[in-house]
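Both complexes below contain chain A, partnered by chain B and then by chain C.
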Partner chain A sequence: MLGRTIAAFTLGMTVALPAIAADAPTEIKIGTLYASSGRYASISMPVHSGLKLWIEQKNAEGGVYVKAFDKKIPIKLVAYDDQSNTATASSLYNQLITQDKVDILVADSGSVLTAPAVAIARDHKMFLFNQTGTGASFFSKDNPYIALMADPVSTIWPKPIADFLIHDGPALGIKKVAILYSTNEFTGTQATAVRKFIKDSGAPLEIVYDQGIPTETTNYTVMINNIRKTQPDAVIHLGYAPNDIALLRNIGEVGVKFKMLFSIYAGLETELLEKNVGAKGLEHVFTYVPPTDLDYPVNFGMTMAQYRAAWNKTYPDGKVEFGFNAVAGYTTALVIEKSLSVATSLDQLELHRAVFSLSGELKTLDGTFGLDEMGGQIGELTPLGQIALKDGHLKFVEIYPHDANNSKPVYPRP
Partner chain B sequence: MRHLLLIVLPLLVIFALLPGVYQNHLLLFNFVIFLVLAQGVNIIYGFTGYLPFGYVGFFGAGAYGFAITVMHYHASAPMAVLVAGAVGVALGLFLSPLLRLSGAYFAIANMAAALAVLHFVANPALEDITRGPYGVSLTGTFNPTLAYAAALIVLALTMGIVVFLKNSSFGLALQAVREDPVSASMAGVNVVRMRVIAWLASALVAGLAGGVYAWYVSVFFPDNVFSSDFSIFAIVFALFGGVATITGPIIGVVALYGVYNLIGFTTPQYFQLIYGLLIMVLVLFLPAGLVSLATRRGWRVP
Partner chain C sequence: MLVYALVAGVLFGLYFSLVGIGLNLVFGVMRIVNLAHGDFLMLGAFVAFGVVTLAGLDPLLAVPVAFVVFVLVGVALYKILVPRLQGSLNPEMLSIILFFGLSQVIQAITTIFFGTSERSIPSSALGSIFTTARVKLFGGNADDTGGPIEFFGQSFPASWVTAAATSLVAIAFVYLYLYRTRLGTLTRAVMSRRDEALATGIDVDRISAAAFGIGLGLAAVAGVFAPFMFGSVTPAFGADATVTSFAVVVLGSLGNPLGTALGGVVYGICYMLVQTYLSSWADLLPYVLLIFILLLRPSGLLGRQVRVA
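Up next, the complex of A and B:
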């Protein structure tokens, strides 16, 4: 009986293995878009470069391990340049799905260039690896074809800032808060979240200035003077990198010193801001401490130090800044790699299952990967920090939450 | 009638059949949208001489007209597209005083007006109505097939308007106004009325196109539907083919948007170089558009 069983098993394996090998594709096609020019190039190119770096690395190792075929399979990247044009992006996403027939669909960076992909991916039943599109309108319980890879959803991202103001602010003498934000989905949602956290807390904080302005704003002189008149103890600026650059430059020109100034991109794209504002202009600015400075323990992929070394080796010219977005692109790649290593087929709903199975388990250089039920990223909240200038170099000092606390904040700004 | 049969009908038949043989329907849809927008530019620029750099304002307003009608009034998508057209016309009426300006002054004022509409729609204070900067999701009405069919109907309407302008005394009067408004007025043409009608017709088709686009795309932000790229592309395509004709903008869209996508799909790294050189060559050697190749030889171009 045992002999017969072994014989049947052997025969079965003999028949099945070649069948698996024959079914395995010669390459895994990853389709994505990037913006080499236009308004979103500065956030798109680092993300794209991170993804490309991983693909080159995996192909040099013989490909990515795909559990569905129990072998390593080389990756073919199909990438189109949408030039920050949303109409172009929509037809290119469709091209990736209908003509190139990619196995894995990865969105461009940012909500505006991710938006055209959401309905198309869902219509074609393609799972969308949404890299940094935090738009709340993308996620719904009835759409299983999307998940956010790297950024926390904007509704919870600014919680550490609000918590700092609520819990530590009164002791530091922070009573009046000014909020200035750019009216786009990314920063508008963060402003709404900060406002809500503060109001719901019942903390003795008064929002004395709350103003949304067009994202295209390049001169903040009037706003700076208006904010100064309200004598705030803390100024929270929520804008894109160009907004932060313009604001910080104008603050330097006007000669105002707010007691506390928060800016998103001082931390997320420090190299870019330092180039444009100078190290002195960033000193004492409060910001998100980027993963590049946190060195999260990893259970998959390179550590931050290894990734930075690989980045510098691959992109030695420094044309694309190494920062938060560079990490986001590589994080997406790691989620893809890990998903392929657990998915039992390349069916898109199986990919969905595989991605969601990583929630809370996968720890990358971007922190813990965690998803809510709709696919929003909730894994790692970026701590609040403050930039210090030491020996001419910028350094992040972690401020909040306290378990990650390195030092007390410099408040008020000298 | 001849133009309808020989130009408009084949164009519509081709775009109605193409989805059966080419799967990237969204690309075909974008072709149709740009055909509508280029012809919309043709109506206002080709026949009156007003260059609408802010043409996207009507398109975006139409898209948000569609979205608001669907979100707040739970109207059907076809009804919302009609509302989108009405919103385009209403905005056109509101902005009609701009027609007092001319040349670069009109172009700049029109662009500023489009930006103003964008920031009005994206204002967080209007979140309850427009969803402000946070974007809309209209997945309930999402139906690519019907949206494509609706785009073809809007294209048919737009082409009908252009054919009418090309063949009617009204269109002739408009061109007279474009060439010399004082002489046209002396000849009994109501200059203001003529211009406003052309302006509103142009706004109507852009509003309808915006509505259909919102129907197809279904998830978008203000920046998506008010992107100045729509204005620039529509103007470039119309000029490339040749304005004040029926076929010029069609040739412009098919050739230039075709090349645009061909380069984008095959050699995206050389995109700007090739596309930029192509436009430079045309501006230098064919400033009146591709149709001027024929008109220079004395051939009549419809």
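Up next, the complex of A and C:
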């Protein structure tokens, strides 16, 4: 009996081992797009650079551990430049899936360049590692082929700013709110969310200006004058980095001082904004406090300090700024790495299962990775902060939600 | 709001006249479409960055530097590219392809050297040379610079006024060049009938090279003000600038550089009015204006027949 068992085991191993070795790919292909030029280059290149940094690290260690084959496998990055063009992006996402046959599909940064990938990935039954595309329409209960990696889905992202206006605003004297937003999936969704939070709350707040403008807008002088005429107590601007740069510069140039001004990228890409607007132009601006300033405890991957050091070593020329998007690219990479370490195959629905199994468990430098049932990121709600200028350096002061470390806001702006 | 939009439109529009006038001069003389026009504008912005960051000077000083450098670049480029183009069967069509390629090359090289991120110049730097002179002559505060300028009780960025004033100087320069110099007279002759000008012994190549150089020089001068007018500039900025320039040129009159001045102002006023009352639609304006003008008055607002069948 024992002899038969040993013979059967030996025969089984003789047949099975070569089969496993043959099935293991020589490389894991990660396909993605980036924008080296155009409107979204400044949010795309940091994300792409973060992903590349991780790939270089892993390949230097012999590859990434893949549980499906119980071995480390080198990563091959297949990346194309969509030049911030959605039509080009559509074609290239198709190419990554049908021609390059990538194992893992990663979207470009931002909702505008993620949008074409959502339907294409779903049609081809490819799981989409959505890095920073927060648009609400990307996520639905009947689409298992997507999950948001790094930033909160736009329907809940602006909750801290809305809650601050609702709960603290009236006491500060904030009664009239102006909302100016760029008409794209990302900021359009955030504007809708802010509007809804305020209206549903029943707080004594009146939205006196609510205007969408093209994302390509580069000049805000007329809009600033129009907003000023409505005498708002708070101005909420929801736009991409170039929009924030143009708005903040124009505000300084026409000498208008709004009592409260909120801008997204003053916090998310502070280095970039400071280069273009100057420290003085960012002082007292309300914004989301970025993970670069929060120093979340991690249970996987580098800490923020380690990552910043690795970034500065890899990209010493400073041509790509270190900010939220740089963190987002690396966060995506960590989710991919951890998913490959638990997925039992490279089947796309198994990747979905692996990614969702990390929800609430994975803690990276971007905070807790948490997904809702549709794949929207809900792990960390970015706190509301205000930028202070101390000794010539910009610092974030956390304002809302309230906790022991918070300070009172400077309102109205002096 | 209406008064503000109108004044802002005139200031912004005068700047757009400067953006488009070089493109129109080149088209008027050579009948070629310079699709890299916006990229030379972008390079002018980078000259301004250089003057501010490397030399620590007022970006206004970049105006003569950019003009001279790009006039020379234009003449050199003309000698390399255009004669071969003019010798082809369909120079107008081929010029579109050639200059599109040139645009891509300029954009790629600029990206390699300067990266992809937005770049700006502090508003207070523009005109600082005058502040320094004022403080030296009359005393006062050296920090008191870059503030807004008031018209009709409304505040406008000082940089807009400076850009509009420079545009007026540039338009006057083009007028004097075309109507008060011998080279300008010959240029107008070439613009009017290139073949007849050639037949009468005019050195069309020399005239065209000068026009091409001046066209690029004017684009670079407009570029110096781009960081102030558009908030920031990236190496990819040129494509949008070319589209807007083309709309302004067609609006004024294709082939008539001075028509561009009117085209720019009309474009600026329309843009500011749309931003004020229909802001979501503002970016459609160049295309809508192009369609309207081509349907209603194909020769432009100041147009005369410029094409010879």
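Keep this in mind: the second predicted complex is superposed on the first by the 391 of 414 C-alpha atoms of A that agree within 3 Å, B and C clash if a C-alpha of one lies under 4 Å from a C-alpha of the other, contacts with A are read in each partner's own complex, and residues count from 1 in each chain.
The working rule: contacts are C-beta pairs under 8 Å (C-beta built on N, C-alpha and C of every residue); 3 or more make two chains touch, one makes a residue touch a chain.
Because the structure is a prediction, the values reported are computed rather than measured.
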item: Combined model on chain A where chain B meets chain C, clash or fit; value: clash
item: First, second, both or neither for A:N225, with chain B first and chain C second; value: second
item: Touching partner for A:V194 - first (chain B), second (chain C), both, neither; value: neither
item: First (chain B), second (chain C), both or neither touched by A:L51; value: neither
item: Partner chain(s) touched by A:K319 [first = chain B, second = chain C, both, neither]; value: second
item: Which of chain B and chain C A:T183 touches, first, second, both or neither; value: both
item: Touched partner set for A:I104, first chain B, second chain C, both or neither; value: neither
item: Which superposed partner A:S37 touches (first chain B, second chain C, both, neither); value: both
item: Touching partner for A:L294 - first (chain B), second (chain C), both, neither; value: neither
item: Partner chain in contact with A:G212 - chain B first, chain C second, else both or neither; value: both
item: Offending stretch of chain C which, after superposing on A, collides with chain B (from 19-27, 55-63, 91-99 or 181-189); value: 91-99
item: Touching both chain C and chain B, counted on chain A across the two superposed complexes; value: 36-37, 83, 183, 212, 214
item: Touching residues on chain A, where the partner in the complex is chain B; value: 36-37, 79-81, 83, 85-88, 90-95, 98-99, 111-112, 115-116, 118-120, 122-123, 135-138, 140, 143, 183-185, 188-189, 191-192, 212, 214-215
item: List of chain A residues in touch with chain C within their complex; value: 35-39, 41-42, 45, 83-84, 183, 211-214, 216-223, 225-226, 229, 241-242, 245-247, 249-250, 252-256, 272, 275-278, 317, 319-321
item: Of all residues in chain C, those that touch chain A in their complex; value: 1, 4-5, 8, 12, 107, 111, 114-120, 122-123, 146-148, 154-160, 229-232, 234-236, 240, 272, 275-276, 279-283
item: Chain A partner contacts - residues on chain B that touch it in the complex; value: 23-27, 30, 33, 119, 122-125, 131-137, 139, 142, 144, 217-221, 223-224, 227, 229-230, 233, 260-261, 264-265, 268-269, 271-272
